[in-house]
Amino acid sequence: MTSSLNVEQTRDMFLYTGEQMIKSKPYLTELDSAIGDGDHGVGMEVGFANANEKLRNGTFASINDIFKTVGMTMISTMGGASGIIFGTMFAGGIKGMEPLTRLDAGSLAEIMERALAAVKERGKADVGDKTMIDAFEPAVRALKESAARSDDLLEALRRAEEEAARGAENSKGYEAKFGRAKTLGARAIGHPDAGAVSVSIIFRSMREWVERHGA
Amino acid sequence: MKKLINQPEHVVREMIEGFIAAYGRDYRMLENVNGVVRKEKKDKVAIVIGGGSGHEPLFIGFVGEGMADGAAMGNVFAAPPPDTVLAVTKAVDAGKGVLYLYGNYAGDVLNFDMAAELAEMEGIETRTVRITDDVASAPSDRIHDRRGIAGDVMVFKIAGAAAEAGLPLEEVERLARKANDNTRSIGIALTPGTLPGADRPTFTLPDDEIEFGMGIHGEPGIRREKLQPADRLVDHMMDLLLADLPFRAGDEVVVLINGLGSTTLMELLIVNRRVAQVLRDKGISVYDTDVGSLCTTQEMGGMSITLMRLDDELKHFYDQPAYTPYYQKRKR
Amino acid sequence: MKKLINQPEHVVREMIEGFIAAYGRDYRMLENVNGVVRKEKKDKVAIVIGGGSGHEPLFIGFVGEGMADGAAMGNVFAAPPPDTVLAVTKAVDAGKGVLYLYGNYAGDVLNFDMAAELAEMEGIETRTVRITDDVASAPSDRIHDRRGIAGDVMVFKIAGAAAEAGLPLEEVERLARKANDNTRSIGIALTPGTLPGADRPTFTLPDDEIEFGMGIHGEPGIRREKLQPADRLVDHMMDLLLADLPFRAGDEVVVLINGLGSTTLMELLIVNRRVAQVLRDKGISVYDTDVGSLCTTQEMGGMSITLMRLDDELKHFYDQPAYTPYYQKRKR
Amino acid sequence: MTSSLNVEQTRDMFLYTGEQMIKSKPYLTELDSAIGDGDHGVGMEVGFANANEKLRNGTFASINDIFKTVGMTMISTMGGASGIIFGTMFAGGIKGMEPLTRLDAGSLAEIMERALAAVKERGKADVGDKTMIDAFEPAVRALKESAARSDDLLEALRRAEEEAARGAENSKGYEAKFGRAKTLGARAIGHPDAGAVSVSIIFRSMREWVERHGA
């Protein structure tokens, strides 16, 4: 089991992730309805459906191209807070990076670390603000630790998935500082942030693909 | 839920096509994005408004003479993507700069800000005024966290007149900000609305309760309380509203009684009757009033009261004519 | 049911007071009856419109320049008494005669006819045109039994322009009749409205059904059918509508897409998109379109489509300006 | 037991009748909701409440004055079809009649016969059209028969009440030719006409008052 994906495989992993996100629409709708405006599921569906169409019909020279295509498609088609936030999660990390032709734990950790910085720069949210950062930041920390330990990609994704899920769970305990749940104050406590759950589904989906299709 | 639509995914595009089918003599739509602009480009500062769809006639209905030059529309309750805002910006820019006016919501801020960066790269100067009239959405010490609701219309009116008068971008921006600073709104909801395609309303309310201060996407307000006679509800709303700026005896205001969707014009007029009484009692004079459903939340039941305090400068721009499909004023 | 009112018995009076509080610069209300008239009396044929309340902005909102001179309002869904009609008649009469325009309902006919007799005794000449645009309300061989719905607005527009142009009473009457003869409407209802003070809606409909041809007081229509995509419903409505006059290739029409209360502007615009497509396919050209909730049934869900066929004469009067609180046209 | 009412008593009988009509509002609303627009109860309440106020505060020289006051008040305050129709039921009969100071079976029959003609002239309805005529016409016929037989007022009103009730019952079997029930066609069958029921309540109330307060 090699520990990296080529461009083609990276694309397939993203296609699978997109499909899983689209399937999660009803659940995400339910979560965003409880404390937001209920459109997160639809938004993610629109973004990932458009991204998958681009992935299916395009040709890609590098890993960077794939991240950029997914992210920029989300930014330009989704709208809402999550269009920018999740678009930046994918397109924000590869900005200015040298073209890569293999994705391994190290390069994924680097891309995602830069992406996290970009999302925080755009959105001004920190852990504890009840946003996707609650899941994304611990996931990125896990990726970095795996990279430092030279874990393979699957192991790195397992750790990221685990931390993202824990982060999403933790988001239940927070009051919201952003978006429409903010006005709920303490009434939002007990509900997870929909975007944090999305992050955990994204890492889970990536892990599932890598687990099944080898790496 | 029962809606007259085809497919939920197509509502915004089909709405725009229907708008152009009706008003295409004066407006055109952009090709790949959900934007509408005036057909005739004016040699002046351009005003771009926008936000999520589902609040019609806001925003699409307020493009036109003396108001906005273009509207960027997102999906229902979702900010438009930066590409849409950028395309509208490019379509209306006449080289004198573009002013962005929108309600202060996280998604809109993110998307319009990114569009502004993209516009800058294309050599178009933009300024932004975020509308923050909803007093229920944050206390007055966090006034910049407040959301924009029906007060949008007041800001569009003043900024639109300033732009039409040929003022430079900084001046149009200053006047828009001044209009926003002098505008306050508060809303109540009686019954929920439903998003196209959703099988449940956006919230539920007991049969005898209202949500005081609810936002235009169903954001919770300040408190739930029993439904009471209209006059009492208005009195409570006016207490909050008047104390906020504060509005004082001797002030002159413009009033907007805004329906949220299914509340009848009869009810809105009954509300206005009381609003006028309260203002008279407080020694505040009413310069002009509009009563109608201008900023809605699908078929939500309820209404909002908006007051804009005038000084001579604001009054001058308020007096200028405006003519759009859903907002008209003759020169006064 | 949840309504923003004080007491059900006072809704009409309080609505009128709220209207005057908003638009009192141009309008005044009569003292002991529920009537509203233009402040400035014009030296011309006067037009009095009216009927039951509860359909706002019809009728109160269509008094003004190029439209009506006064409106006589009954209680909710009840024709105004003759005294009200007479008082409005006397208030607007400038010695050139008065034209009564109202929807063809038994109660309105009885009350306006009695008012006409009383006016005659006071030396005021009146004429009457009853509006009969609703094709679902009776077959075409009983066209004089048909009811008036949103087509009212078309007749007010044409007659208002004719009166404003200084035409004599017979001519204004002839043009109103011509407008009515060339106007057809059909409506569908999705959800019921509720009268102020009532504890139940005026009718019930299963969650997946609509009433095809329902009247604006909840009168049953032609049939109940399943809710379908907007385009299909519009196609069925247009089939009936176009066959009725009939409208033919080469005709030129004005379109009104009217919301019945809680149906959103987004939906109405989506409906208009299809209406425009159907007309284009049939070779019928659209001269002008309005999309809005002009003739409502409290918060009933649904809409109606109205077409008025133009000839040069009707077009001439349609082109004249109109300016009322809820209907505006610039000169064209 | 004398067989006629003086002006004062006639006024009291009408006051009582008005109160009974006001009490019947929910029932009339229900009937008009089934096949009409639901406002008949409210309309009658408005009309009789205003009439009763006029009766309470006015002074009346003749029986005619009382009928006229009730009828004209209904016409000018109720609106709707029923304002004219029921107003004419009271004000339409005494038009041009000599002033009366006593109301007996004979004079009531005469007033009501003329009133019936006036209502039919205005409303163009006949028995079988599912309107108040279905109850009013048989009631008037009964009054005339009583008058011909020199029945006393109570007996005349008993007969009128009976015939009006039967007429209202019969109205169930008809399709409507007037008002908003017209469009229902055969669907209106089985429901009585609200106005016909009102007529029967009016005669019942008059009978009740006369029965209790002598005549």
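Side notes on the structure shown:
As written, the chains take the letters A, B, C and D, and residue 1 is the first residue of each chain.
Definition applied: contacts are C-beta pairs under 8 Å (C-beta built on N, C-alpha and C of every residue); 3 or more make two chains touch, one makes a residue touch a chain.
The shown structure was predicted, so the numbers you read here are calculated from the model rather than taken from an experiment.
Between chain B and chain D, the least number of touch steps comes to 2. Comparing mean CA positions across the assembly, the chain most remote from chain B is D.
Averaged Cα coordinates give chain A a centre that lies 55 Å from the centre of chain C. Chain geometry summary: the mean Cα position of chain B and that of chain C are 28 Å apart. Centroid to centroid, with C-alpha atoms defining each point, chain A and chain B lie 33 Å apart. Here the spacing of chain A and chain D, counted between their Cα centres, is 77 Å. In chain B, there is no position where the chain touches two or more neighbouring chains simultaneously. Residues of chain D found to touch two or more other chains are absent.
Arrangement of the chains shown, judged by which pairs touch: a linear chain-to-chain path with two open ends.
Chain B makes touch with chain A in their complex at residues 9, 52, 74-84, 105-107, 110-111, 114, 137-138, 145, 195, 197-198, 200, 202, 215, 217-221. Listing the residues of chain A that touch chain B in their complex gives 29, 33, 37-39, 42-43, 46, 75-85, 122-123, 178-180, 182-184, 187.
Residues 2-7, 11, 14-19, 21-23, 53-54, 56-57, 61, 190-191, 196, 207-208, 210, 227, 229-231, 233, 255, 257, 261-277, 286, 289-293, 296, 298-299, 301-303, 323, 325-326, 328, 330 of chain C touch chain B in their complex.
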